[in-house]
Amino acid sequence: MRPSSPLIEVARLSHSYGDKEILKGLDLGIARGEVFALIGPTGAGKTTLLRIMDLLEIPSSGEIYFDGQRVPRSGKQRLAIRRRMSFIHQKPQVFNASVYDNVACGLNWRGEARNKIVAKVDCILETVGLEGYKNRNARTLSGGEAQRVALARSLVLQPEVLLLDEPTANLDPVSATKIEELLSTAARQRNTTMIMATHDMSQGQQLADRIGVLLDGRLVQTGNAGDIFRSPQSTEVAHFVGVENIIGGIVIANDEGVATISVGDDHHGIGIQAVSGCPAGQQVYACIRPEDVTLTPMLYQSSARNSFQARVTRVTYLGPLSRVEMDCGFRLIGLVTRISAEELNLQAGHELYATFKATAVHLMERKSRQ
Amino acid sequence: RPPALKVATTSSLYDTGLWEYLEPKFEDKYGTKLHIFYAGTGIALEYGKRGDVDAVVIHDKPREEQFVAEGYGVERVPFAYNYFLIVGPSGDRAGIKGLCAEDAFSKLMETGSGDFVCRGDDSGTHAKEKAIWQAAGFGYEAVQQAGAWYIETGRTMGPTLLMANEKNAYTLTDNGTFLAYRSDLDLVPIVETGAVLLNVYSVIAINPERHPETNVEMANDLVYFLISPEIQGLIGNYGVAEYGVPLFMPCAGQEPEE
Amino acid sequence: MELIVSFDPEVMEITARTLRIAGTSCLLASLISLPLGSLVHFRRFRGKRVLVNIIQTLFSVPTVVIGLLVFVLLSRTGPLGDLDILFTPAAMVIGQMILITPILLGLTISALSGVGKEVVETATSLGASGFQLALLSLKEARYAVVAALILGFGRAISELGIAMMVGGNIRGFTRVMTTAISLATTKGELELALALGMLLLLLALVINIALNRLQQR
Amino acid sequence: MELIVSFDPEVMEITARTLRIAGTSCLLASLISLPLGSLVHFRRFRGKRVLVNIIQTLFSVPTVVIGLLVFVLLSRTGPLGDLDILFTPAAMVIGQMILITPILLGLTISALSGVGKEVVETATSLGASGFQLALLSLKEARYAVVAALILGFGRAISELGIAMMVGGNIRGFTRVMTTAISLATTKGELELALALGMLLLLLALVINIALNRLQQR
Amino acid sequence: MRPSSPLIEVARLSHSYGDKEILKGLDLGIARGEVFALIGPTGAGKTTLLRIMDLLEIPSSGEIYFDGQRVPRSGKQRLAIRRRMSFIHQKPQVFNASVYDNVACGLNWRGEARNKIVAKVDCILETVGLEGYKNRNARTLSGGEAQRVALARSLVLQPEVLLLDEPTANLDPVSATKIEELLSTAARQRNTTMIMATHDMSQGQQLADRIGVLLDGRLVQTGNAGDIFRSPQSTEVAHFVGVENIIGGIVIANDEGVATISVGDDHHGIGIQAVSGCPAGQQVYACIRPEDVTLTPMLYQSSARNSFQARVTRVTYLGPLSRVEMDCGFRLIGLVTRISAEELNLQAGHELYATFKATAVHLMERKSRQ
């Protein structure tokens, strides 16, 4: 027994399928009640990690600790531990039985009393909006309905740990929001620990206490949403979390924690200011999230330190937002509301001013060989 | 499970229905069950040797005598007999009608002009057939290799008759089975007389010294039952109603004259 | 003809005995095969492939051979001679179990192989124990499992070699449909044999419909 | 003992004949059953359930009954008597096909029932014709299909009633393993019978390994 | 043959499962080369409609026309028509075979020459980023990889019609963008007709020429993205497409096409102005998309006609955006960039001004019984 250890922890975890190493020495501990989001491109190993945590797969090497105890590689204890968790798989698979039987099965398997089961199932079906589906064969449900059955089936167990693999991938935004609310309620009210793999960045951001970025089998960065989205530690992470501006340059001065970086294709004199301790002479990447860029028709006096004249090269619409590509001597992408875009009459060729704060610039060291 | 007398019997005897006829009479008389297994001669003797039955009823004198000599059986008691006959297509292609059995076989062998279906199963009938070949002066192996006309089927009597019928061939059969199958057959008796064709059925109780767990009293009951005048009379009349002639002649424990 | 057959008291008795013996052996064999087949399917172990190959090989054991083996075992002088059950229905049940257990085992494994890996993993995640997992999988594969049971029962009810060899075809005690048919054939009563055959099929039909009902629930 | 059995030229000849006959009937039966089973599985039609029930009922036909039927058909005075193939290997093949076709058919249908509806629909969407769809589904269910083939072959190689009744167990012409075993048994040569039985199983094992290889490709 | 008819058309299409009517009399025609997006909540019937269009299901009633010809309810012709389409199912199902065999199967079935197939498959695998996966068993792929196999398998057929059911549900944003580009390239270069069911509103908006909203088995509205998202024809549609402000009121005046609507809990005097022909006295709903609301610290003079003093009641963060709930006498929700939110120092209780244009207000008649 290791005192005050995380509820679930993996150490030096590696896993291979055949010759292919999928997970490469992960260390990760998740505290009781924590909501942890695992993000990463497809094929990164998210599902594999969740499967190992749910004790479905035995890792090639490394250890898993649950509630302070080392999980053995075989034996009855694994079932006991697994019953304290519940895993909602990426492709929700329903059993060829009624919706009721699907949702009740976990409780049945735990030997719960029948009348309790009936009450619990009724309650959870209502919660996920499937009242009246009780006697339907689950195989005939629509994609979203099946996903909700899968959710209900896990939630009804009130597990200590909930492992979720893309829990809302098949749901429309309205239903997805409902489910997210359901999950965060569970997390708060029952102190459920949650580990979710998700492609939906905003879901990760909203629900998670902490986010881990899995790239190519390595957990390259963990931290809260702010860390991950604003201070990525590598260009790969930056790229993945939607930092569209990754501008190479060199620090030419550092004045009391405000660095000036020379950027641009031929480095002739465009300087970006960033709040950073980076010393002069350091090769860096300056990372700026597109939504941190504001556009104004005139040079706009504000606390933002960086303001550049820009020529719009392309505008694309993404729902309520417009993505504006600009040339300011370097390539800059901004994200503004559609209404601002209309007011500014944004279109290719248009000239305007792009502004971002020195605090919005995140500097990343750049290996010199690059 | 009530105690039962277990008897292994040769199929040709069972197929005539004689056992089904006698069984209730025995059961009534001795107040016991009679379990009859029909089997080939070989397996019937094997049952006996292993002590799985209390008595055997077969028709292969040399092997019976050997069985008793080896100490498996108490005594060989003949209780009925009839005759084998050579049956064949009514046209009698080989022209063996009127010959004695040995000559008929010789002619078949020499001319090869008629197919012959052999049981080939080491049964009493097969043993008799081999004995006739022997008497006719042929080694059995030579017969087996004589040509396509000699067909070894390896089956019981009924199916062998059916095959002979299909192939318009000759075969050696016991009288009882032939009568039972007669309505399904185009075959007719070709050779029916001669001492060599005598077919004796006997009963042998298993030696209790070999297999103390066998039921020797009941086995003895069966022996006495079979040679009792009342039953001998019934055996002598069996089949008259159906076929017009008796299927068996009683012989009351005596070896019939050849 | 058929009417006569089906109302004859001896035929009725033989029919009942046939059902009883085949039903018992099929039941016992499935009690062994369903759990064991699940075990083989779900457990990973060395030599599993070899085991499956052996099970499938046993599909090919002729009934005469099984009959012979059981006979040698149960015969007075055999290793189990003291049981004194040769030539009884119990011995026939044993023989038929030996016959159909590999079949049920093999078909159970192959039925389970049709259940998706995802279904199995989902159940595992939901906390199913090995036994519960097997039960669920058998339910998911119920069509194939019931087909296997029907086949096993069909094999038991239609086999001759064992019934003949270890049952002995004793009238009123171990005579079943197939041995009766065989006897009728040897006696040259071909029509009776065919009529009994039809009766057997009729029985099988009724049983199958009942088993299929079970599966469609 | 076994060595003697396997090198005896007559035994070798019987072995070869057994394989040839059972292999032929299994091949022909699968050529019928795989397409027909797919058809039954994929087509929706009235009376399908009844048809499946009938197919499954035919699992229970005793070999003696089939033997008898084929005998009656092929006998000189029977409707197909002019073919003059009674007591030939061809007749045995016919009988064995009648025996195993329902089994292969039923097991094909049950194997296909294990293929997910989604897989079938995906293939349909990608433009598979009925035939192509069946082929794909059989591939997806290959484990169960091969198990069915092994079972069918096992049934053919191990059956006795048909070989006896329509083959006639003629030495050097229609005698196969099972009839030889049966003959040895009747003769009381139990050891020979058992040895032949073991040889038969050995053969089956080899065939099964080969068929399983096929499936694992 | 009906001249200049749509490539694919359904007429009075209804479909039931058992007693349950899933599709209720749809009429819809899709022109050659058109990209049509089907949106709607889960269980609306999107998948069912696509299945019927792919001729997988025979509708309970109604007709389908393909390329001007009535599709028969059975027979060989259905296969021929189906082979001109390709359907990517919601739950991509790969065959238990190599990736190559999976992708090649459609071509094989069409009897294409082997060397052509090899070349095409290689090419498409590269396009979807699965080069090097050729010999892997497809059952072992990750969720996203499997989805790309499913896409490749359909795209390699170069069908005239591509039916897509949630094509990017299992993909991370970067991969999703790649696939979307792939699809729009196909649509442009090969003039492929596409019908896609999607939960991703921005996907629908970006790729589709036309959008149809399916609610409870009825196609309640079709139109271009602007129509659907800005001028929903019912509160249900409005709600579903993310119009968070649906404000009940009554037109009290209409002055040359500018209507004034009295709103607010007790109707005392709050007036919204909208560009609309709606006559005075009409009960209406005023619909305003939250992203059309701008927030300013002072009353800001602009062309926007509506400006209200507002008190912030709640702020939530959605990725690059902040969702601001306000009370202006009526409840109003605004969506602003996170940077504006920070600049405005938005937090509950804060007072500011909310502004939206009269053109951003869409009026919907309100049945008087409500």
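First chain written, first letter: the chains are A, B, C, D and E, and each begins at residue 1.
We take it that a contact is a pair of C-beta atoms (placed from the backbone, for glycine too) under 8 Å apart; a residue touches a chain by one contact, two chains touch by 3 or more.
Not measured: the values here are computed from a predicted model.
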item: Chain D and chain A - chains in contact with each; value: C, E
item: Chains in simultaneous contact with chain A and chain C; value: none
item: Chain pair whose interface holds the most contacting C-beta pairs; value: C-D
item: Whole-Å separation of chain centres (CA-atom averages), chain C against chain D; value: 18
item: Cα-centroid distance, chain C relative to chain E, in whole angstrom; value: 58
item: Intercentroid distance (Cα basis), chain E paired with chain B, Å; value: 91
item: Euclidean distance of C-alpha centroids - chain B vs chain C, Å; value: 36
item: Interface hub residues of chain C, defined as touching at least two other chains; value: 116, 185, 190
item: Multi-chain contact residues (two or more partners), chain A; value: 91
item: Touching two or more other chains - residues of chain B; value: 156, 159, 162
item: Which chain pairs touch, all of them; value: A-C, A-E, B-C, B-D, C-D, D-E
item: Residues of chain D that touch chain C when the two form their complex; value: 49, 52-54, 56-65, 68-69, 72, 103, 106-107, 109-111, 113-116, 141, 143-144, 147-148, 150-151, 153-155, 157-161, 165, 177-178, 181-182, 185, 190, 193-194, 197, 200-201, 203-205, 208-209, 212
item: Residue ranges of chain E touching chain A (in the complex, touch as defined); value: 17, 39-43, 47-48, 90-91, 140, 142-145, 147-148, 165-166, 169-176, 199, 201-202, 205-206, 239-240, 242, 289-292, 294, 302, 316-321, 335-340, 343, 360
item: Chain C-facing residues of chain B, complex; value: 1, 4, 6, 11, 15, 17, 20, 23, 33, 35-38, 50-52, 156, 158-159, 162, 180-181, 183-184, 211, 213
item: Footprint of chain B on chain D - complex, ascending; value: 71, 75-76, 86-87, 164-165, 168-172, 175, 179-180, 183, 185-190
item: Complex contact set, residues of chain B against chain D; value: 39-46, 120-123, 144, 151-156, 159, 162-163, 165-167
